[in-house]
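Read through the structures below before going on.
The two complexes that follow have chain A in common; it is paired with chain B in the first and with chain C in the second.
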Partner chain A sequence: MPGILCCFKWVVDEAYIRAGTGKELDLDWVDYKISDYDRNAIEEAVRLQEKHGGNVSAITVGKPDDTKGLKDALSRGPEKAYFINDSSFDNLEPSQTAAILAEVIGGSSIDYDLIICGEGSSDLYARQVGPRLAAKLGIPCAAFVQKIEMEQDKIIVERKIEDGVEVLELPLPALVTVLPDINSPRIPGLKDTLSASKKPVIDIGLDELSGSFDPCLRTISISKANMERNGVKLSSEPQDISSLVDALIKQGVIGGVK
Partner chain B sequence: MDFKLTEEQELIRENMREFTRKYVDPVAVEIDENSRYPEEVIKKLAEGDWMGMPYPQEYGGAGVEYLTYAIVVEELSRSCAATGFTLSCHTSLASGPIYNYGSEDQKKKYLVPLAKGQKIGAFGVTEPGAGTDVGAATTTAVLDGDTYVLNGTKTFTSNGPVADTFVIFAFTDKSLGPKGLSAFIISKDNPGLKVGQHFYKMGIRASQTSEMILKDCRVPKEDLLGKEGQGMQIAMATFDHGRIGIAAQAVGIAQAAMDESISYAKQRIQFGKPISKNQAIQWMIADMATDISAARFLTYHAAYLKDQGKPFSKEAAMAKVFAAEMANKHASKAVQIHGGNGYCKGFKVERLMRDAKITEIYEGTSEAQRMVIAGNVLR
Partner chain C sequence: MAGIWVLAEDYKHCLELLNAGQKLAETLDKQLAVFLMQKPDRADDFIAHGADRVYLLPALPEDQTMEAYIPLIAGIAKQEQPDIFFIGASLRCKEMAARIAASLNTGLCSDCTGFTLDEESQSLVMERLIFGGAAVQKVICETLPQMATIPAGAFEAGTALSGRDGQVIELSPAPPSPVKLIAKKSNARQTTNLAEARVVICVGRGLEKEADLEMARELAELLGAEIGCTRPISEELHWMPEETCIGLSGIKVKPELYIGLGVSGQIQHLTGINEARVICAINCDENAPIFDVSNYGIVGDVYKVVPQLIAELKQALHK
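Moving on to the complex of A and B:
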């Protein structure tokens, strides 16, 4: 009966980011969400549990007020959550997040056979936490996985790589990072959300960790990308196509034909 | 005073939004076009426990506050007002009176499958000659031994053609006036109950509406809902609850009208710039945003009062009339912002304008709401 841990990050929902009046972005009204690929990680953990039994726990590193994220994660199926939190855990660098997770997972009594992470977070998308965590725990890792088959003491995974698909066998315990193609996450029903609040959350504070994790990333500014539009309308008529080509050459977007 | 939704309520709204994107948006145009009952969507709603939201879990529901229910109806109606109403008619009009007035046995037998969404409910009070004037109904129920025998015709019964369980009103004693009206629970397999004419409507076309014909319809005594003569009270109390759902439906329609207007106004170029750069358009959208907020607060406040166990009849009527009228005004403005495109099929605002109108008519017309409000404030 496997023990599966799924890692998730609570990130700004980009749908709520708005352009400010100047160059800056307006983040005053943003809402948060479970990082997109982490939803796939949670879903995959729950599907494996539905097939093979065992238990699923969610684990996250964040700020103490990220409680909505815990309810969201737990409404998707895991039976408990580990909440490693401190108000300083704001702008953590991926290596720090991995170190914190490794200390909690490796140093405590958490029993696991498989750790599932998303391929990257939908805010930084550095794609480092999974592989770094595996390295720190000294367990095998497969990143960019699109399929997982679970057997007695091993998993067989398909990795999507540039030239094709790589099939790997990993002895357990192991870590995988998953691609969005691996599944389509369920939409929690009403009762799933209601029961999430009743599931246990293990609260782990900074004082229970040995390392210090002073922020080493500082955001100097975030500005909006401007997309200028020329407001020129062209049809698929031949004369319009040649005027499009002319206009693109004139603007230096494409090279001219001598 | 606390204007904040709980984390659970926020998540529930987000989950319903995701649900509508996945299951409702893709069919909304087609079910409107064909007046089709979206059975597959209703099944999905049942799977997610959305069909019996406010009723306790022991009766098959989810046991959430009415406020949460209103939020969900709003979000569902933002995608498709017809699906929103199919759910709210089932939940508040049909299941509501069974929960509020039913015996323990009736709740077990009828409410549980309704709240689980295994069965669909409908509510029939209106008759061809009795709309706003409920007391003018002519359907009768005559006791014959252990069964009542019902005769008459109900009209505009929402969910009528697809429902399994009906709450139907008939006079057990016409001489008593309003005090002679009673409510009955009737199953669709009762041979005395037939679906009559179907109505093809201007809006909420995917919501199924029909006449229901009662011909020597024998209803066992144990299916009398509440007491004999309690019908008017049951009908009026049911409308009080239901109006919160209709107000929420109207808020959802108006929100969708504003969503569409903003995205269209930003991308439609006239005179070399997006039309959203014109103050005339900006003011229309500013008024939409303001009225939607006002209507939403009225709606949530009525739901909040109900959840607190306080009187809410006046507030539900205020929310309904204000939300319905503002939804009509702004759905029409949204068409205006879309210009000729908005008048044609293919743009959502065309459907929204047709769908908005019904919110001023059913579960009491706007005039009827004002009667309720005036009756309360002039006391």
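Moving on to the complex of A and C:
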């Protein structure tokens, strides 16, 4: 009966990010969400449990007020959650998140056979935490997995990289990061949401950890990517389409090599 | 004097990283080293392209993948203590880079698109995109080695110089990894010329059915364009192959002209078209984000506009 841990991150929903004035980003109106691919990680853990039994726990690192994410994660099927939180756990870089997770998972009584992470987070998309966590725990790792078959003491996975698909065998315990195509995450219903609030959350504070978790990467600046073009808006009227074609020809982008 | 290290799966990618590394090596007065897999006869070529040292990685047993090199590479990094380690940002090497960085307790800038040197500290100031491409993050790695994964094409490959000297060091095999390769299915990928295309037509969710791709094909043929798509078209609807998906996690295009048909412009997609010289969008929703980044935006029904556009183009181009 496998124990499965799925990691998730509570992130800014990039769809709410507004371009502020000048080079700034306006983050005042943002909402938060479970990082997209982490939903696939949770879903895969729950599907494996439905097939093989065992238990599924969700684990996250964040600020003490990120509790909305816990409820969201638990409504997707895991039976309990580990919430490693401190007010300093804000804007962590991947090496910190991995080190914190490794200390909690490796140094405690959390029993696991398989750890599933999303391929990368939708905010930073650095795609480091999963592989780093595996390295810190000293367990086998496969990233970019699109299929998992679980056996007694091993998993067979398909990982998709640029030049094709590799079928790999990993002895358990192991860690995989999953691609979005591995499954379609279920949408929690009202009942799931209600039952989520009754599920246990194990709170782990900084005082229970011994590491110092200093960042290796220091962010110097975050500025708006400059993508805006002062474009012309046209209608679907014939004269507008005709003037578009004229303009494209004048700019030398169509009608022969510039 | 361990200096600057470079590792990439692909030969050309390796040359690009060597070129980026060589300029740094000159400025910082450091040695440049490169890892070489499988083809030991390329050592001289890498030396001609700027490497002062070539580490030859031993051949792998059939049931092992490149990740089996991780302990070996991390081991000599601990011994030699490089200042900078650039790794090609292919998927496999991204995983390797993260695991190597974790064993070296150092930072890693993923998908670094460019860097400068901080005058005072001589540290790399590395740039990358975050929030799906909506923002540029600049980071400094405060631990050594300063690591980054660098996408293919971010730097140009340099030219080979004759008469350069370098050292070739053969590494002895590492213990086998517990991860076993059981089978390999190579990709039935069609090669697309999207990344190099002069004109790109991109289809998005504004198209109602697969048969409507015909409209895009007609337009593409008229303009000598390649056709790409947004993520939902390839990942959810499977109307087009994955390798034609344009965006942050797909292909980045840099054509003279990009025309989006029914593309709303999610930030991840816009990141992939940002380098187009002229962006033209046709969408019925006047608030679609793609209009903010367009040079020409047509607010209208794609089913009405495209046939008109085709007719107009035929006339103008005398086709």
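As a convention for this text, the second predicted complex is superposed on the first by the 211 of 258 C-alpha atoms of A that agree within 3 Å, B and C clash if a C-alpha of one lies under 4 Å from a C-alpha of the other, contacts with A are read in each partner's own complex, and residues count from 1 in each chain.
The rule is short, and it goes like this: contacts are C-beta pairs under 8 Å (C-beta built on N, C-alpha and C of every residue); 3 or more make two chains touch, one makes a residue touch a chain.
Every value quoted in this text rests on a predicted model; they were computed, and no experiment measured them.
Enquirer: Which partner, chain B or chain C, is in contact with more residues of chain A?
Expert: C
Enquirer: Considering only touches as defined above, state whether A:Ile161 meets chain B (first), chain C (second), both or neither.
Expert: In the superposition, A:Ile161 contacts chain C only.
Enquirer: One more residue to check, A:Gly231. First (chain B), second (chain C), both or neither?
Expert: A:Gly231: touches chain B and chain C.
Enquirer: Once the shared chain is lined up, is A:Ser197 touching chain B (first), chain C (second), both, or neither of them?
Expert: Once the two structures are laid over each other on A, A:Ser197 reaches chain B alone.
Enquirer: Applying the document's definition of touch, where does A:Gly189 land relative to chain B and chain C: first, second, both, or neither?
Expert: After superposition on chain A, A:Gly189 lies in contact with chain B alone.
Enquirer: Can A:Glu79 be said to touch chain B (first), chain C (second), both, or neither?
Expert: After superposing on A, A:Glu79 lies clear of both chain B and chain C.
Enquirer: Looking at A:Val253 after the superposition, I want to know if it touches chain B, chain C, both of them or none. Which is it: first, second, both, neither?
Expert: In the superposed model, A:Val253 contacts chain C only, not chain B.
Enquirer: Name the contact category of A:Lys71: first (chain B only), second (chain C only), both, or neither.
Expert: A:Lys71 sits against chain B, while chain C stays out of touch.
Enquirer: Counting contacts the way the document defines them, which residues of chain A are shared by the two interfaces, the one with chain B and the one with chain C?
Expert: 231
Enquirer: Using the touch rule from the top, collect the residues of chain B that touch chain A in their complex.
Expert: Residues 7-8, 10-12, 14-15, 18-19, 22, 47-50, 53, 57, 62-64, 72, 269, 272-273.
Enquirer: Can you list the chain A residues touching chain B in their complex?
Expert: 31, 33, 67-68, 71-72, 75, 187-191, 193-194, 196-197, 231
Enquirer: Can you list the chain A residues touching chain C in their complex?
Expert: Contact set of chain A toward chain C: 12, 14-15, 17, 25, 93-95, 98, 122-128, 130-136, 140-144, 156, 161-171, 177, 180-181, 215-225, 227-229, 231-236, 238, 240-242, 244-249, 251-255, 258.
Enquirer: Give the list of chain C residues in touch with chain A in this complex.
Expert: That would be residues 65, 67, 70, 90-92, 94-95, 98-99, 101-103, 105-111, 125, 128-143, 177-187, 199, 223, 235, 248-249, 256-257, 266-267, 270-271, 274, 277-280, 286, 291-301, 304-305, 308-309, 312-313, 316-317 of chain C.
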